[in-house]
Every structure is written in structure tokens, then in C-alpha cells.
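Here it is, the structure in full.
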Amino acid sequence: MRRFVDQLVSDRLVMAVIVLNATALVLHEMAPRGSSMRALWFWIDYACVVFFLVEALIKIRRDGWPLYWASGWNRFDFVVVIVSLPALLGPFFAVSQFAFVLILRLGRLFRLFRVLRFIPNLDHLVTGIRRALRASIGVFLALLLINLILAVMATLLFRDLDPEHFGDPISSGYSIFQVFTVEGWNDIAENLETRAAETESNNAKLLVAGTRIFFVAAVLIGGILGLSLANAVFVDEMMMDNTQTLERKVDALTEEVRRLRDDLKT
Amino acid sequence: MRRFVDQLVSDRLVMAVIVLNATALVLHEMAPRGSSMRALWFWIDYACVVFFLVEALIKIRRDGWPLYWASGWNRFDFVVVIVSLPALLGPFFAVSQFAFVLILRLGRLFRLFRVLRFIPNLDHLVTGIRRALRASIGVFLALLLINLILAVMATLLFRDLDPEHFGDPISSGYSIFQVFTVEGWNDIAENLETRAAETESNNAKLLVAGTRIFFVAAVLIGGILGLSLANAVFVDEMMMDNTQTLERKVDALTEEVRRLRDDLKT
Amino acid sequence: MRRFVDQLVSDRLVMAVIVLNATALVLHEMAPRGSSMRALWFWIDYACVVFFLVEALIKIRRDGWPLYWASGWNRFDFVVVIVSLPALLGPFFAVSQFAFVLILRLGRLFRLFRVLRFIPNLDHLVTGIRRALRASIGVFLALLLINLILAVMATLLFRDLDPEHFGDPISSGYSIFQVFTVEGWNDIAENLETRAAETESNNAKLLVAGTRIFFVAAVLIGGILGLSLANAVFVDEMMMDNTQTLERKVDALTEEVRRLRDDLKT
Amino acid sequence: MRRFVDQLVSDRLVMAVIVLNATALVLHEMAPRGSSMRALWFWIDYACVVFFLVEALIKIRRDGWPLYWASGWNRFDFVVVIVSLPALLGPFFAVSQFAFVLILRLGRLFRLFRVLRFIPNLDHLVTGIRRALRASIGVFLALLLINLILAVMATLLFRDLDPEHFGDPISSGYSIFQVFTVEGWNDIAENLETRAAETESNNAKLLVAGTRIFFVAAVLIGGILGLSLANAVFVDEMMMDNTQTLERKVDALTEEVRRLRDDLKT
């Protein structure tokens, strides 16, 4: 019995159920609404939820609550199970509130993050990402601030020319973000230039030139400099490990030589 | 009283006022023109300007002018206050000159750069950026020169085919910059090819082939090689720190061993 | 005779035949169907296949099967020859099955991979790529999972608005991949926004805002963070070599100093 | 007299003339054809050519031919002067051959590359670029080969669906290059899908799926993997310097310790 229970919560089986669950979620959405296949995949998904509930209960009973809760992954699994519970009641009640159903369905997707546990070297990767993000937080805050300032600036300058992209600071911020990804920046600029050229001829040429300088500056600052900097900070942090190992080794060696010198003096 | 004044110019309060100022600037532009909300946010912005003026005066009185002016951040704050002063008179005069109002409004945005002071590890970041920019100045100058040469070349070659993008060297330079960002280079090339194919059939095929070679070369040089190089120089400079620390340590160790050898000789 | 045979399978001649083969394949497709040039290039390609068959037989006879098979490149060549054999019969049978002919033709292209053998420093490059791919497998698996989750999420949210891009999870996965390459993400988002704005006004604004947040998050996670991370892991692995050389040198030095200390003690 | 001649060929004056030449070339193209401004700038350009000719002659006379020719920059200057000579005769003959005039005009642009000499740290940069290019030649050759194979493959598969992009291997190669730059890959794929969906329904779905797999693979291999690899090789080579300095220092230190040990033994 005990052996059977251990196998039930073994990594292999859990992994297999998560993959089955992912397949069910995808194929459920692939099947036409109201088809019997859709119902089948729905119930397989339902069975997976029940399996995860049972798995969590078995683990809690086997390890005791404090030990179970000590693991970050277990806590994640437990939250997923709790969030899934209302979905278990779904089929027995006619829930007409659309938004509520949607949130329940989206919630099911988070179960798939359990797969992350089985990615090789995940700890190393997570440590690297966390350190890289912490180190590049300054770059990203600076980019956010520059985005904000450029957005308000663009609102003041281009609001009347292109209300769709720069009608209010939030739309402008979104457009500036797009310019920062370098994607379609030329379309936005060209659109503005065309409308600027359509206005009275006095300031038109100046406006076109100003627009181009504004966008070239935004692309250079956000898309080229910003991303390169973030990238450089990432690489720097990723490689810190190796350099620190080397530094520790050189430090140890220096210590060794100093001790040798002390030995000689005495 | 003293304690109250100190709190008035404390980092926390200043930070809060800057965030309030940013919010006011954004929401002022969000509100429809002439609405009472817009007026409210305008006066909050006005209050922020007054606060910054008072803060600068308090700091100057507390620290004395030489000490105050010694800090780069204080100088920046002071300039921001000076530039804001005309805006304080704004509501009392009917300023009809549109361009003047626009410059005043844009000037207000620079106040937000005060937030930069509160970014964690800003000094480290600024040092890194400054060193990276100084090291990559050669790459950028070379790219600018190549841009200029390609622009004049494109003007000579494509002026009659596509006057909109390559009508004069300045438009060409802007188009070549666009090609260097790899964004929409294919649209510009395709446009040229279509027009080249429409001309008499003798040179048409040659023109299409030449156009393609021109653009492939421009994308490879500017967009792939240029950006990769700039990126590599950035990473190189960012990591110089670590290697220099290591070099210093190894140098110190070598010194230690040499001293040990001298000890033994005597 | 022996010398002639050795020259027949020498690297230079094989290289030349591969280049001839590549030229024949390209020019065969360039020539209009049914032209005599097309027939010429077809028979040159045919001759190349016969050459490769003869080359493999000579090498097997010269080196013996076990020695021949021990080399990875020879195995690759042998497989290419085996796959090419049916093509030799092609001209003598009227093969009407279109798909079969297409596969035979595509198969011929793999012969060109033999050129890779002549790339300078290929071993070093392949080692680097293999190590980089193994190290970044975690990042790519994580991106694949996030792609899957975002795809199902997008299917649930946007299926009715834009069935072309998000009609089923597989189409959604393809669209999300496109967003991860940052290419045309704004067009997909704009398309959704336009359709969202066309629906009844109650939720339209919320839907537009939600759509924008969804796409900004997808671009940031997949296109900026994901690619930067993969890039950083690549650089990290590529440079591991140098650092490891250094570490070994420092280790050897430490050993030297320790031995010196032992010498002194005795 | 001697002093005046030295000043005439001093770096400062040459630099100034190059900048004047660049300005003349740009403004010459900016001016409307037949205007007096255009003539003015043409003669300024003409004067610059004469100046460069005189400068080369003075330098050759001062330094003697062998010493002059020993410098790479001088050789470049000399070639520029030789290439410019026919242009000096231009105004005195009515050259009606359009292509000849165009080549002469394009040739003038190469004079601007003389500015490169004045870029700070150019030698360091050129060394880095040359080493990086040599190291990444394998990656670029492999990408070229993959481009060729994918191009022939795409010609066989998509020729009938989209003759404009994939009608012959050379057009296909250009389209695949475009996919490798990640720019507009989705438009090409979408275009193919639309046409595939228009064919008879039997294979249409399979064709759409195959097309998507083909393009996702091409983007991943060329645009993501290829560029990341080239980037990693660049950074690796750029940083080799620092690591080599460190290695030399550690080697020297090891030598020092060994000598110390030898001293002790004797």
C-alpha cells in the first residue's frame, strides 16, 4: 500500500499527468464547441485536477504539514490545488457569469507551470535570472522614466496630428514602448510626417524634421542603447560566477603565500 | 522648527512630491481640455513647482551656497527650479505665443529626471554607461560615416526612382538609418525594385540586382555587424571592472612572492 | 593506379565536386522547365551522385569497413549516398507520384552539408554551439512552456475577436511565437484593438487595455527577456573556455606554492 | 617655405578639407539641378580634389617614395587621388555616357573614408573587428550554406505558390536572407499561407502547417541562433585581450614561484 502511494506521488507520474493535462487543455480548445471530443478532454482535465488534489493530500499526510510547507514547490502546488477547487464544482452548477468562468479557465493554465520544476538546472537558471534582473532594475527603471517623459512630450507635440497614437499620455506610452522595441517605429513616424506635411506649409518642413529627430533619438535611446545596456548587464551578471570563483582562488593563493612567508620568518 | 525644515527637504518627501508631480503631469494631459479635473491637476503641478522652489531655498540657506553648489544633483535641481520660474507667472498673463507655451510645458517634464537620483546603484550604472559610450564612440562614428556615404550613394543611385525616400542626402540618411535598425528595410527595397522593374527592360534586371546587393550590404554592415560590434564593446567595458579587480589581485600576489624571494636572499 | 585513386578521393577534388553540385542544383532550378540547360544541369547533378557513390566505395575498400565507419563524417557521407541511390533510377522510370519526386529532390540538398566539413575551426564551433545549446535548453524549454500557456490564454481571450490568429491553440502558439520574435507584434495587437473597439462600448475600453497589457507582457517576457537571457547564456558558455584555462593555471600555481611550502618544512 | 608646406599637409588642415569635402558633396546633391549653388559646391569639391593631389605630391617629395608607400593610410590616399584624376577632366569634356559619370561620382565618396583615420582608438577597433570577423567566419559560412539549402528547398516547395519571392533560387536566397533578419518574415509566411489555403482543400491544411514549420525553423536557425552565435563569438574575441593579459600575468607569477623554489634547492 505504502509503495503504491509513493509511486502515486513520484516525480515521473506527476510529470506524466502534467503533460496529459497540458495536452487535454490544448485539445479541449482545439475541439469544436459542443462536440463529444471537447467533453472527453474536459473530463480528462477534471480527472487531472482530482489527481493533483489527491497527490497534495497524500504528500501532506506523509511528510506532515511543516515539512510539506517548507518546500517552495509544494507551496506552489498547494496554491494551484486550492485555486482549482472551485473548478471542480463547475459542472454541477450553471455558472452564467462569463467573466467568472473565464478567470477559472485561465487559472487552470497556471497548473502547467509545475512543469518548470522538471527543467534541468532550473535553480542555476533562476539564480542567474534573479541576479540579472536585480542588477538591471536600474536600466529598466531609467527606461520606464524615459518612456514616461517621451510619452508626455509626444502627447504635447503630436496630439493634434495623430490622436490615435498620441491622443493621451497612456496611448503615447504604449506607442513609445513600440518604438523602443524598434518594431514599426518607421510607420508611426511616417504617419506623423504625412499629416505634418498636410498642414499649412509654414511650419510643415520644421515639423517633419523635428518628428524625425524625435523618433531617431527615441530609437537610439530606447531600442539600441537601452537594450544593449540591459543585455550587457545580463551577460555581466551571468559571468560574475566564474570571475568570483577565480577571485576566491587567487585570494586563497595569496593567503597561502603569506602563510609561507610567516613560516619562513619564524 | 529646524526638525520640520529638515523633514521638508528629506529624500522621502521630495521623492513623494516628484511622484505626485509625475502623476499630475500625466493626468493633466489625460483630462479633457477645459474640464475642472484638468484645472485641479494644473494647480497641483503649480504647487509642486512652488515646493521645489522652497526646497532649493531652504537647502541653500542650510548648507550655504558653495556646499550646495558642489553637489551635481543640487545643481541639476537648481537649474530645474530656475527654468520653472516663468511657468509660475503663466496663469497671471495671457501668453498667446503657442511655441513659447509648448517649450514651457516641455520644460516641466525635465523635473521628472529628478527621480533618477533615487534609482538604486545609479552611480555604478552611470559609470558603466559613460565608459561604454566612450569606448564605443569609434563604432558609432564609423557607423555615422558609413551612413553618410551610403546616403550620398543612395541619393545618386535611387533619386529618380524613389524621390520620397532618397530625394536628397538628408532624406537618404534617414532612410539608411531606418535600414540600419533593420526595421522595414525590405519595404524600402521592394518599393525600389517595383519601380526599377517598371522602367525600360534593358537595365531593369541589373538595377533590381544592384538594389538588392546594396540593401543586403547595408543591413549586414549597419544592422548586423555594427550593432553586434557596439554590443560587444558594451559588454567588454561592463566586464572590464571584474577583470581589473582580478589583475590587481594577481599583481599584488606577484609582489608578495617577490618580497618573499627578497626575504630569502637576505 | 593507387595514386590516381587517392587523388580521386582527396579533399580538394571532393570539395570541388560539392561546389559543382551546388552550382548545378541552383542553376537547374534557375533554368526554365523543359530547356536544354535544365537537362544539362540535371545530368551534371546525376554525375555528381555517381561520383559520390564511387568515392564512398573506394574509401570503404581502402580503409576497410570498421575504420571507414568510425569517422562521423564518413557515416554522414554514406547516408547521403544511400539516400541518393533511388534518384539514380529516376530518369529510367516515369515516377508520377509528385510528393515522392519532391522528397527525392529535397533529399539531394542534404548532400551540400558535406561542405560544412571544410569550414575552418568547425570542431571548435560545433563544441561551442553544442555546449551553448545544452546550457540554454532550460531557457528554451521555459520559453516553450510560456508560449504554450500564453497561447491557450490568448485562445480563451481573443478567439472570438480574431479567429484567424487565435482561433485554436496551435494558431495562437504560432502567433505568440511571432510576438516573441518582436516582428509584427504591433499589427496583431492593433488588429485586436480595432475589433475590440467595435464591440459594445461597455467592456471595449477594458478589452483594449487588457489586450495592450497582454502584448506588452508577451513582448517583454519572450522578445526582450527571453532572447537576452539565451544570448547571455550563449556568451557565458562561449567564454567558459578562457576562464577554465585561467582556473587551471591558478590551480597549478597553488599546487606549486604548496609543494614549495612542503619543501621548506622538510 | 618648408614650414608652410608642412602646415599644408598637417592632419588638422587635411581633416578640415575632408569635412569641407563631405559638406560639399552633401550640399551639392541637396541643391536643385542647374542652380548656381550646385555649381558652387561642385567647384568646391573640385578644389578639394586638387588639394588632395597637391598634398600627396608634397608628401611623396618630402618623405621619398618608399617611406611614403610604407604607410597603409598613404597608400589608401594615393589610390583615392589616382581614382579622382579622371574627375578633374570632367568639366572640360562632354561625357555623355551616364554609367561612367555615375561611377565617377560614386568614386568621390570613397574619399570620405579618409575621415576614418581620425577616429580615436581606430587601430584597437580595427584589430578587434578583424579578429572577431576571422573567428566568426565559420558561423557566417555555415549561415550562408544554410541560406543556400533553404533557398533551393523553398524554390522547390513554394515556386508555384509565390513566384515573386521564391520563383528561382536567387530570389529565394534573398527572401531567406530577409527571414534571417527577422524583418517581415511573417508577411512572407502569411502570403504563402493565404495562397496555399486558396488551392484545393486536400493538401491545403498540410501545406499551411508545413509552411509555418519551415518559417519557424528558418527564423530560429538564422535569426535567433545564428545571430546570437555570431554575437557570442564577437564578444568572446573582444574580451580575449583581457583574459590573455591575465593569463600572461599568472604565467609570469608561476615562473617566479618556480625560480624561488630553484633558489631554495641550491
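Order of writing sets the labels: A, B, C and D. Residues in every chain begin at 1.
Throughout what follows, a residue touches a chain if its C-beta (ideal position, glycine included) is under 8 Å from a C-beta of that chain, and two chains touch if they have at least 3 such contacts.
Since we're looking at a predicted model, the values are computed, not measured.
In summary, the pair chain A and chain C forms a contact in which the copies contribute largely different residue numbers, shared numbers making up under half of all those used. Separating the centre of chain B from that of chain C, both taken as means of CA atoms, is a distance of 37 Å. For the pair chain B and chain D, the distance between C-alpha centroids works out to 27 Å.
The set of chain A residues that touch two or more partner chains comprises 182-184, 231, 235, 239, 243, 246, 250, 253, 257, 260, 264. Interface note: chains touch in the pairs A-B, A-C, B-D, C-D. On the side of chain B, the complex with chain A involves touching residues 22, 25-26, 29-30, 102, 105-106, 109-110, 112-113, 115-116, 119-122, 124-125, 128-129, 132, 174, 177-178, 181-184, 227, 230-231, 234-235, 237-239, 242-243, 245-246, 249-250, 252-253, 256-257, 259-260, 263-264. On the chain D side of its complex with chain C, the touching residues are 135, 137-139, 141-142, 145, 148-149, 152-153, 155-157, 159, 168-170, 182-187, 212, 216, 219, 223-224, 228-229, 231-233, 235-236, 239-240, 243, 246-247, 250-251, 253-254, 257-258, 260-261, 264-265.
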